[in-house]
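Shared chain: chain A. Partners: chain B in the first complex, chain C in the second.
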Partner chain A sequence: MKKLLLTVSCLMMATTAMFAQKYMTRTGRISFNATAAKSPEKIEAINNEVANIVDAKTGDIVFQVLIKSFKFERELMQEHFNENYMQSDKFPKSEFKGKIDNLSDVNFTKDGTYNAKVSGKLTIHGVTKDVNVPGTIAVKGNTVAVKAKFSVKLNDYNIDIPAMVADKVGKDATITLEGNLTQK
Partner chain B sequence: MRKSLLLFTLLSGIYTSSLAQADSLMNMLNDNAPKTKEHVSATFKATRIINGSSVENLGHGVLDFRISHRFGQLNQGVENFFGLDNATTRLGLDYGITKWLMIGIGHSTLFKENDGFAKVRLLRQVKDGMPITLSYSGSVSVQTTPAPVLLPGQEWKYSNRLYYAHQLLIARKFSDRISLQLMPAIVHYNLVDSSKFSNNTLAIGVGGRVKVSRRMAITGEYYFRATNADMLYAGVPTYNALSVGLDIETGGHVFQLVFSNSQGMSDRTFIGQTTDSWGKGALHFGFNISRVFTVVKPKEFKDSDDKKW
Partner chain C sequence: MGKKILLTILALVLIGVCTGIYMWNKPHKKVEQAEGIVIDARVLAKEYSTDEKAADTKYLNKAIEVKGTIDELEKTQDGGLMVILKTDDVAAGVQCAMREKGLALKRGHIVIKGFCSGGLMGSVSLTDCVIVQ
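Entry: the complex of A and B
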């Protein structure tokens, strides 16, 4: 009986894996804005190399971002971002591992735009935090477009903003994420 | 018992599968990640180590306005306010044409000198690949001080005012904190004090930086002349140029505080025509300030309405 149970549960896991429908992209776009209220210049950057997988069956969702791929309008700012703020030699990647909590509300087989609640672990600058992110999932044929906008406190991720630039760099960064995923 | 076992197996099955899934998805991303060359960046904080060029280039479309001061010798005493009364200045404009080619022009009050240079990056250090960054820097300068009064029949040629310098810059960032650079150089002086001296000076420079905090670095630079070290300039002996500095980075600026026995800031002056010596305390305090402007925006920001200036 125990063996049977084991076999059944093994099979179950195997089938989940087998029928898993995965959507993937490596050219997602993430941008952030950490401009302080009265800053004369914008503190923002864009990264068009976001890797992202959504598993339609299990609701698992992962993102991965290379810090050095963020482009700034000012090159010097980009260098400071990598050298002083994100220490990207030490912490080259940021990643998110999570799950769509309301998977039953999202129908991957029917075209439409669905609101998704995603929770999971966000790692930035070597610090991992639990986050809840609201977003949308738009299904069209066998492509999926994900969008999310949320805000992080830089302090939570041990990103120090020296007093000297506190009038330019805010305490929070608003992160905007967009990806067009295709079925794998 | 059986029921609870069933429940347990199912639950643990679901639980492990969900965690393992996210991890396996992440592995999927990592395994198939396209291999990209990771260039080593920020070997130095600025395009100059102190007086001499570093392997750093300005990015494409970046304009750098540089203001450099060198005061008089510290050992001039209180009557010249320890050198502060005899300040010289170089104003410079550098521009990044492509990410591997930059040019610059400048004017120094010392010897009323105009200079221009081009710096080309030939090789770039890559993480787990190419071990060094290699650049070539070539400069030309024109001294525009009034022509000397000559005997009748003697002619003062314009070419007497011209100087050329060529340098190879070989640098490696050894760690986050330590970078070193070697600079084999040849300087051509169209006019030297006497025919005893060669018009060409061969030198090898060595420079480096040690970061002491995320925003500060101690720098050093020394040019050793392999030939022509006994050259007189304006009748006085010349010395090898040794400079130490502190780089301080603020928002859009890099400040470089400098102590050097060279008051000149152009390649030809500090490499071969440094007339002060550390041994005699004839040091010059000074600083470089750099302010960069983005003239051509990166393509991601083409539509941004942010003010350039």
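Entry: the complex of A and C
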């Protein structure tokens, strides 16, 4: 009887391990656009080094981004972004930690594109805020493509834009996120 | 006398305009121009996994010349290359995003130089990297 119990519990543990599916990437892509309405220059940057984990079982979703890995076309903008606006020496990282709220709508075992409602905590410039982000999760075999687009108010994250450049840098930034994750 | 003042003003304006143009077209920092901190990938990863804050004060935004063995090669979504170096802990690696696209690398020993952008989910991240050897 004891043996049976042990076998059963071992089996159960094995199944749990099998379904503890984590998807990961470290080459996700994030870009933002904070161009003011009438600005002659585009205020935008790309980061191709986004780390992203999705746990299909719990619905946990984590993004981490290093500020110094954002690339601008112009070095001057990149410098201002790092030194003045984001203070990347002090706050080198931005992070999102949340959950897929409608996990039951996303079938990780069946190919298809699912709408996901994600909520969690977004940390930028050392300030953490609760956010709700709609996105899509596309499942194909053992890969998952995560996409999201949302907007943040720079003011909410204590990012001060001097009046001198207010005609170029907007009050909001549109953030576009894409991760192609593989099962680990 | 008036002519001299006018000339001085003109020269100053010219210098101002030139500086402005130079600043606007300022080239991106190249890691080759910086003196790199030479370190083994295993040691760097260990320092970051032990104390990220302390490691940041030593390495963040500095040019690092890291020696190691290629563990994995990944393509970024924009066609760039990410080199992951072997360390003692699979969860704590060293990742190097290469500056040039379309690099063909063979697995094996390598020396890479890049700017440290910090710790990312247990790994150390270097960006704008070039191959030293």
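Here is the rule we use: the second predicted complex is superposed on the first by the 165 of 184 C-alpha atoms of A that agree within 3 Å, B and C clash if a C-alpha of one lies under 4 Å from a C-alpha of the other, contacts with A are read in each partner's own complex, and residues count from 1 in each chain.
FYI, contacts are C-beta pairs under 8 Å (C-beta built on N, C-alpha and C of every residue); 3 or more make two chains touch, one makes a residue touch a chain.
The structure displayed is predicted, hence computed values, not measured ones.
Peer 1: Once both complexes are superposed via chain A, do chain B and chain C end up clashing or fitting?
Peer 2: Superposition check on chain A flags a clash between chain B and chain C.
Peer 1: For A:27, select first, second, both or neither according to whether it touches chain B, chain C, the two together, or no partner.
Peer 2: Only chain C is touched by A:27; chain B is not.
Peer 1: Of the partners chain B and chain C, which touch A:84 in the superposed model: first, second, both, neither?
Peer 2: Only chain B; A:84 stays clear of chain C.
Peer 1: Between chain B and chain C, whom does A:178 touch in the aligned arrangement: first, second, both, or neither?
Peer 2: Once the two structures are laid over each other on A, A:178 reaches chain C alone.
Peer 1: Determine, for the superposed model, which of the two partners chain B and chain C contacts more residues of chain A.
Peer 2: B
Peer 1: A:132 contacts which: chain B (first), chain C (second), both, neither?
Peer 2: In the superposition, A:132 contacts neither chain B nor chain C.
Peer 1: In the overlaid three-chain picture, which partner chain does A:158 touch, first (chain B) or second (chain C), both, or neither?
Peer 2: neither
Peer 1: With the two complexes superposed on chain A, say which partner A:102 touches: chain B (first), chain C (second), both, or neither.
Peer 2: neither
Peer 1: Would you sort A:115 into first (chain B), second (chain C), both or neither based on which partner it touches?
Peer 2: Neither chain B nor chain C is touched by A:115.
Peer 1: Of the stretches 8-16, 26-34 or 260-268, which one of chain B hits chain C?
Peer 2: Among 8-16, 26-34 or 260-268, only one stretch of chain B overlaps chain C, namely 26-34.
Peer 1: Same chain A residues contacting chain B and chain C, which ones?
Peer 2: 26, 46, 48, 51, 53, 62, 64, 68, 74-76, 79, 89
Peer 1: For chain B, which residues are in contact with chain A within the complex?
Peer 2: 2, 5-6, 9-10, 13, 16-18, 21-23, 25-26, 28-30, 33-34, 38, 41-42, 58-59, 62, 176, 214-215, 249-252, 292, 294, 297-298, 300-301, 304, 306
Peer 1: Taking the complex as given, what residues does chain A use to touch chain C?
Peer 2: 26-29, 46, 48-49, 51, 53, 62, 64-69, 74-76, 78-79, 88-89, 92-93, 178, 180
Peer 1: Could you please specify the touching residues of chain A with respect to chain B in the complex?
Peer 2: The touching residues are 1-2, 5-6, 9, 12-13, 16-17, 20, 22, 24, 26, 41-42, 46, 48, 51, 53, 55, 58, 60-62, 64, 68, 71-77, 79-80, 82-84, 89-90, 95, 97-99, 120, 162, 164-165, 168.
Peer 1: For a test of understanding, state which residues of chain C touch chain A in their complex under the given definition.
Peer 2: 23-29, 56, 60-61, 74-78, 80, 82, 84, 95, 97, 115, 117-121, 123, 125, 127
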